[in-house]
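Each of the two complexes below includes chain A, the first together with chain B, the second together with chain C.
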Partner chain A sequence: MTRPWRMAALAALIAVLVIALTPYLWLFMTSIKTRIDALADAPVWAFTPTLEHYPKVFLDKGYLPLVFNSLIVASVTTALSLVIGVPAAYAFARYNFVGKEDLFFFFLTTRMAPPISVVVPMFLLFGYVGLIDTRTSLILAHTTFNLSLVVWMMRGFFDDIPREIDEAGQMDGHTRAGVFFRILLPLAAPGIAATAVLCFMLSWNEFLYAFILVAFEGRTLTVGIPGLVTPHGTLWGQVAAVAVVATLPIILFTFLVQRHLVRGLTFGAVKG
Partner chain B sequence: MTVAFHGVSKIFGDGTVALDDFSLTFESGEFVVLLGPSGSGKTTACRILAGLEQATGGRVEVDGRDVTGLPPRDRNMSMVFQNYALYAHKSVYENIAYPLRVRGTARQDIDDKVRAVARLLQIEELLKRRPRQLSGGQAQRVAVARALVWQPAICLMDEPLSNLDAILRLQTRTEIKRLHAELGTTFVFVTHDQEEAMTLGTRIAVLNEGRLVQFAAPKEIYHHPSTRFVAEFIGRPAMNTLDGRVENGRFLCNGLSLPAPGQGDGPSVLGIRPEHIVLAPGSGAATFPFRLDVLELIEPDMLLFVTHDGLSMTVRGKADAADLKRGVELHLEFPPERLHFFDPESGRRRP
Partner chain C sequence: MFLTPSVVLLVVLLLGPFIYMVGVSFTDLNYALPGRDGSFLGFDNYRRLMRDDPVFWESFRTTLVFVLGVVSTEFILGFAIALLLFHQMQRRRIVLTLLLIPMMLAPVAVGLMWKLMLQGEFGMLTYYLREIGLIGPQTALLGDHRIVLWTVMATDVWEWTPFVTLVVLAGLLSLPREPFEAAIMDGANRWQVFRDITVPLLRPIIALVLLLRAIDAFKEFDKVFILTGGGPGNTTELLSIYTWRVNFRNWDLGYGATCAFMVYLVVLILCAVFYKAVYWTEGRVQK
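So, the complex of A and B:
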């Protein structure tokens, strides 16, 4: 690249970084500002940091179990969606059966109805089986929409793996199941990682189902935040503190699978 | 070891007949080439032998044992695929070692065998690489190494040279022939390229429209093609064929009259290979005048496209007469021992 182009690219990069990071920095700063600094008319850049909000909201207000709830719901949802969805995607990619494409489309239709239209029936159903206000109900609800994501994304990854790979595996001595577990899953690992991150984020950030289905014991962080909007005003410092903690697992998770994620989201990663 | 197809047929779900009553028997140590145009069923035959495809009729036997329903892993065969099908997430070493690992070979054995086959194929310096870091020719060698490392009874190759460029293809062809000579493994090689078939095969099975047309040594196929299809498919440029009729022991067609001893009267097809037509120095008793239409030089040979009274023919000769001009009259001689006769209806060879 020539010099002017390098400069332009650098400028664009910086612009993107500023746009992406400013809200997060703002959030983080608010979480360590006193209420007075946070509500100041002109933004205060120089201030004495305080850590009062964190212990207050997580210990005094008892928000710590919410972190745990969110973690459980998001991880179990992700695991469940993958365990069911990945083999299903493999079947869609490799086998022919009657009504295959219709069934595949059916998975998509599960996402077509606006969530608000199914959340009340879901509430009633979970009420009948006594699952209201449990993490189980939320895990099941989140799995319903994550499953379609897994099936649709993973079919693309399996389609990208040439069938000859399956056949080479069979010639090398595997059963078809052996081919799936020992060859295709490792080859699809980038795709699985990318899908897992998306599943985890969707479940972690989800508000509507969580708000309706789990009000007290099973509350997740997203449901916890509105609880900080009080009749005496919004506790911005505590809201920010919860939000900062809420973003940490996503950042951590993304870094963990980053190597796979880049390859996975750009597709074509498995072609030899 | 004897491998036998007994009346094998394959009809796909959409009704396509890929193989129709296909029978073929060959012995261990052979280099069998399945040759045919696309859609002739050659790949299907290979895949049925491998167990990757299920026959809809007939049996496949190895040493008299019916293997028709066996999964690929129980057949003691390996395969080289057209696109190589290497495992992208494993190193070259692990790719080659993989069939041994799956079969539970001891660790030290695996290392010995991988290094031995890598030496044989001259890919020792590539063992640490990933498949994506290989050129087409290198990937091809790795695929062959993976297929040979565990010494299967039969090595199947499905158009393994088709993805290589022309020069590499010739080199690899020679290499495969050398491997067969050194290892004595039975090879079954699928190709649509008659030149590959002629150079590699100990015997060639020519397929057309799902049927076996001829199964014989390359020399026999070249000199005694059993049908008009085989005659035109083998040899480049293709054999000249003329539709005419035999009367009183002579073949007649557009002013040509050639000896056809022993041929019964009636419609007949005459065939002669371009390289067997003789360019006579001048007009003679057994020559016919043709006009030169196009001349192509393929040193040290030349191809002459000639016409005579509505007939078109191709002649292949040495390029020493290359100063010929378009439209010049040539005298061609058709040696009687080089003539082939075919039935115009069935296409079968007439003795």
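So, the complex of A and C:
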């Protein structure tokens, strides 16, 4: 490309970056601004930071348990989805059986199903068995969508491992299960790690299921956010503080799994 | 064997409740009204949906406008940014990762961020838009029923354009070099190369991106719920928000199940199209 074009392209990219990042920067700044700075008529960019909102909302208002709830729900969901989903993905990658692709399509539909349509019957069912407002109900709900993510992503990773490796393992006297546990799982470990991080993020970010299924005891961070937004007199510093805590780990994780995001978000259709 | 636990879990947690929900959609179950304890109604709820519920159809229309608007805008912008990044060799990875942040954040947090910036009295963006005269001094971007849907769509474009960029860039990077070299040897200009080689080669990726975005946009709830709650009036009441209101505000669960079933049906159709378009053409299904 010619030099002026190159400069124009670079300028455009920088503009895109600024647009993409400013709203988050503003949220972060609001979380460390005094109420007066936050509500000033003209936007304030330079100010003396304060950390008062964080202890106020997490300790005085009792939002700390929400962090634990989010952590527990996301971790257990991830573990459960992996334990159940990885063997299923292996089966899809290595075995042929009747109705295989129909079953695979079924897994896809569970991932794509609109949460609002799934949560209505779940609410009725969990109410019937007395699981409403427990972390268990939310873990089960989140596992339904993460499980199919695991199956879709891990099938791709297993497909990438040549079958000759299985055969070599069997020659060495391993059973099929032995090949799976001793040889394939270690080989697929980087894929499993990336899948785990994605599962964790999706559960941590999830709102609608949590909003309907857990109202008080089992509330997660995302459910805590709308509770702080009121038609009048919203304490923006405090809401922003909750939102920052809810999003910082995700930004960190994004850097960790960036390589595998394409595959995870396109159901394995694009390798990236 | 390997598959049983996952299938059992999904059948118990998804298929079971789903069938139960279809059952409920034929009843008058309502937690808010006495005596509506779920007696069988036949197809009454479906008749009501088709004939006597203008709000549902208005919501359907809003959702269609939303989906078509955001998917087309995100596609054009995201594709353009992917092309920019494709030609930008240095530090591509870090720039891409930074660009992805909007779509990785919890959608609730995204809604909150924009609500903060679009506040009528002290919102940062409202202030600057008024300063440069783009909107009137009294206009509130989230309060004016004529523009609120556009505002909400703009936030969705901000959030999901990076997704298009991510996938299209991955597609661009995976293309073979030879057709491009041959075309340039034959004297094709940039635009011809783009139109006759890049786009046709990327067709499966384009189909994938459009379908995935359409399905996701159709299900949109979190962000719009925080931003406007469906209002003012019901100008931004997407189908998922309407279904939520029928079920969990009016507690009209029989009719709510009917609405939820309709939403599911639309997504299922889109999903089948997705599967056919993406996986069959790639020959993966036959493998």
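What we mean here is this: the second predicted complex is superposed on the first by the 220 of 272 C-alpha atoms of A that agree within 3 Å, B and C clash if a C-alpha of one lies under 4 Å from a C-alpha of the other, contacts with A are read in each partner's own complex, and residues count from 1 in each chain.
Assume contacts are C-beta pairs under 8 Å (C-beta built on N, C-alpha and C of every residue); 3 or more make two chains touch, one makes a residue touch a chain.
Bear in mind the structure is a predicted one, so any value in this text is a computation, not a measurement.
J.: Output check: A:147 vs chain B and chain C. Expected answer is one of first, second, both, neither. What do you get?
T.: It touches chain C, and chain B stays clear.
J.: Would you check which partner chain A:164 touches, where first means chain B only, second means chain C only, and both and neither mean what they say?
T.: In the superposition, A:164 touches chain B alone.
J.: In the overlaid three-chain picture, which partner chain does A:173 touch, first (chain B) or second (chain C), both, or neither?
T.: In the superposition, A:173 contacts chain B only.
J.: Which chain makes contact with more of the residues of chain A, chain B or else chain C?
T.: With both complexes superposed on chain A, more residues of chain A are touched by C.
J.: Go through chain A and flag every residue that touches chain B in one model and chain C in the other.
T.: Overlap of chain B and chain C footprints on chain A: residues 270-272.
J.: Along chain A, where are the residues that touch chain C in the complex?
T.: 1, 9-10, 12-13, 16-17, 19-21, 23-24, 26-27, 30, 38-43, 84-85, 87-88, 90-92, 95, 101, 103, 105-110, 112-118, 120-125, 140-141, 143-144, 147-148, 151, 201, 204-208, 212, 221-222, 225-226, 229, 236, 239-240, 243, 246-247, 250-251, 253-255, 258, 261-262, 265-266, 269-272
J.: In their complex, what parts of chain C are in touch with chain A?
T.: 1-3, 5-7, 9-10, 13-14, 16-18, 20-21, 24, 81, 84-85, 87-88, 93, 95-102, 104-110, 112-117, 121-122, 124, 127-128, 158, 162-163, 166-167, 170-171, 174, 205, 208, 212, 215, 218-219, 221-222, 225-226, 240, 243-244, 247-248, 253, 256-257, 260-261, 263-264, 267-268, 270-272, 274-275, 278-279, 282, 285
J.: Provide the residue numbers of chain A that touch chain B in the complex, in ascending order.
T.: Spelled out, the residues of chain A in touch with chain B are 96, 162, 164-165, 167-168, 170-175, 178, 182-183, 186-187, 189, 270-272.
J.: Can you list the residues on chain B that touch chain A in the complex?
T.: 13, 50-52, 71-73, 77-79, 81-89, 98-99, 102-103, 131-132, 139, 146-147
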